[in-house]
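Note that chain A is present in both complexes that follow, paired respectively with chain B and with chain C.
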Partner chain A sequence: MVLKIIKDFVKHVIGRIFSKRSNVKLGFYGPPNGGKTTLANKICKDWLGEEMGQASKIPHETREISIKEKVNITYKDKTLTFKIADTPGIATKIDYEDFLHFGMNKTEAKKRAREATKGVIESIKWLDDMELVVIVLDSTQNPYNQVNITLIGNLVARKIPVLIVANKMDLRKSDIKSIEAAFPEYPVIGISAKNGNNIEEFYEQLFEMVK
Partner chain B sequence: MPHRCVKCGLVYEDSSSTLLKGCSCGSRFFFFFKKQETEEEIKNLTKEEVIEIEEDFKEILGPQMDDKPVILDFESIRVKEPGKFEIDLVNLFKNEPLVYKLEDGKYIIDLASTFQRSNKESKAKKKGKR
Partner chain C sequence: MASKLTIHFMPYDEISSLSGQERIKKLLKMILGDKIILLQGRLKADEEARLIEDTMVMIGHIRGFKGIELAVITPNKNITVFDQFRKGIAKMLLGDRDAMTVIGPASIVKEIKKDPSKIELFLKKV
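Moving on to the complex of A and B:
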């Protein structure tokens, strides 16, 4: 009951924030390898016909903020315009040795570590520019970690609405319920950005938050 | 873990009864800070590694780094050796200046530049756009 009241309140506040907005600044945030770029690519492919960036199994593939202006998304006869920002993954530790396992040489791995560290700073810098943030989490991973908790806590402090995406629902180890249990105050949508599973529900929730 | 008296700056080690009694200066307020468990490793850096680390940070911070002053009492990003970074997200999110620790006693600080857009500025900007 209390949860419902909080959710209704959040919905009401969000509704007011976006009531007069037509170009919503939408940021994709989260830890590395959650699927931020894959989801941003899926959206851009659906509505612009082109991808946003390159996704990879190697962590910290996205090391610079990437922006797509004027992405018109239509859901149930309603069209909204978004400015989409795909951000580098936020991490507490970046070690070049982790990249060596992916066949990189030491120089390349160190360069990637340096750029990834810079990327974390950039992501945080841009946070205040966002009007709505989609946090993309890998649903096969434990959601209780410093990155997720610090990120969500700071979004709340900045009064930026949050939608949590539990990505990789197509994988056997996916556990969407653990993400819902970890962050019960926020809407959580299970999807597979790679296969497009549940993407309609994602759009529905997005529109629900912006309307 | 160590604590530092907010008023006089005296440092007390873990489990110190002073934390309960208060500092010799009379204050009962302390900063909690992380023990520098990696200091030994950092001290063993070769000259070449230190140069490499400095180059890393020059690239991360950009050209404005050279004229920045030094010293503060927190660290947002620590480097153990070239290519290995530890990031204190709590500090980063606070929009405080960044402090990079290169080796024992040697720091690089990016004062306001990393977070030029403070919360206040950002709010003003958002307000202006509406």
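Moving on to the complex of A and C:
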């Protein structure tokens, strides 16, 4: 019995030392309002006990790259350490007038638009620093958005592995199959970052890709 | 009063000899002239990213410019391995000419809806 406890302890400690990869740079990318920050928050809350940033219904809420270092995630006795980057949503157009519909005044809306354009540039520049990218898409929206295609094209060109998350699966209009059909070459996991639905499958796929 | 909309067809040969930066400059210059461009072929992935970056810079610096709408339509991928190889070589040597790219200023083009084989342009009322 004692021998078994010692064996298990040694196996556990040694296993942890060898299975722990240091700071896998994991980026959350995608168009605005896909749920990047909600997913990053869910992960950070699960493993660090604190959130990463503020999510909002207003597009371009995240306008600067947000980083969390040393996020240890354990899945089936294996622990990996991630450096998580939540990035501003990538868009091809930003019109300050769109923000006026969310109750902002003209000055606030123009400021937000200015910061959002800088955020898009920053997101693209940071692509080179990533080792694994999770593209977070709103599964209620048409996936054939050129931003998604350009993003994937750039990741493929940089040989960065891609995991596609079809978020908001809790919504009635969610269509995960259309995302799978649009990107048949890539793993697609349907989740609800807000409710935590299917988050275990997400971790499983993440660990599969870091192997 | 009638309003005018210009759609400019650009054969790939028109940009094939240009550097990535020159291609983007040429496209953005036409977009600023309120033209919708139908480009034969497509830009490289890094050029598309660069086009988005330059567009973002311009939004902050050019009055009234709100960005672009962009869509690329590619032919059916259900082809034989041999044809894929043949097309891959041609793409490497001559660029990706099989696709069709639609780019327009966001001030005119409200939305481009795309499914695998169809592009729909929704224009803003002028």
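Here is the rule we go by: the second predicted complex is superposed on the first by the 190 of 211 C-alpha atoms of A that agree within 3 Å, B and C clash if a C-alpha of one lies under 4 Å from a C-alpha of the other, contacts with A are read in each partner's own complex, and residues count from 1 in each chain.
As a convention for this text, a contact is a pair of C-beta atoms (placed from the backbone, for glycine too) under 8 Å apart; a residue touches a chain by one contact, two chains touch by 3 or more.
Predicted model, so just to flag it, every value in this text is computed and none were measured.
If you put the two complexes together on chain A, you find that chain B and chain C bump into each other.
Contacts of A:121 after superposition: both chain B and chain C are touched. In the superposed model, A:142 lies in contact with chain C only, and not with chain B.
Of the two partner chains placed around the shared chain by superposition, chain B is the only one that A:129 touches, whereas chain C remains out of contact. Using the contact criterion defined above for the overlaid structures, shared-chain residue A:70 touches neither chain B nor chain C, since it reaches no partner.
Touch criterion met: A:92 reaches chain B and chain C at once. By the touch criterion defined above, A:109 lies against chain B but remains apart from chain C after alignment on the C-alpha atoms of chain A.
By the touch criterion defined above, A:45 reaches neither chain B nor chain C. Shared-chain residue A:154: touches chain B and chain C both. Within the superposed three-chain model, A:177 lies out of touch with both chain B and chain C [touch as defined at top].
In the three-chain superposition model, chain A touches both chain B and chain C at residues 90-95, 113-114, 117-118, 120-121, 124-125, 127, 146-147, 150, 154.
Of all the residues in chain B, the ones that touch chain A in their complex are 52, 56, 59-60, 77, 82-90, 92-93, 98, 114-115, 117, 119, 122, 130. Per the touch definition, chain A reaches chain C in the complex via residues 90-95, 113-114, 117-118, 120-121, 124-125, 127, 142, 144-147, 149-150, 153-154, 156-157, 182.
For chain A in complex with chain B, the residues that touch the partner chain are 20, 90-97, 106, 109-110, 113-114, 117-118, 120-121, 124-125, 127-129, 146-147, 150-151, 154, 158.
Residue ranges of chain C in contact with chain A, taken from their complex: 44-46, 48-49, 52-53, 55-57, 59-60, 66-72, 106, 112-116.
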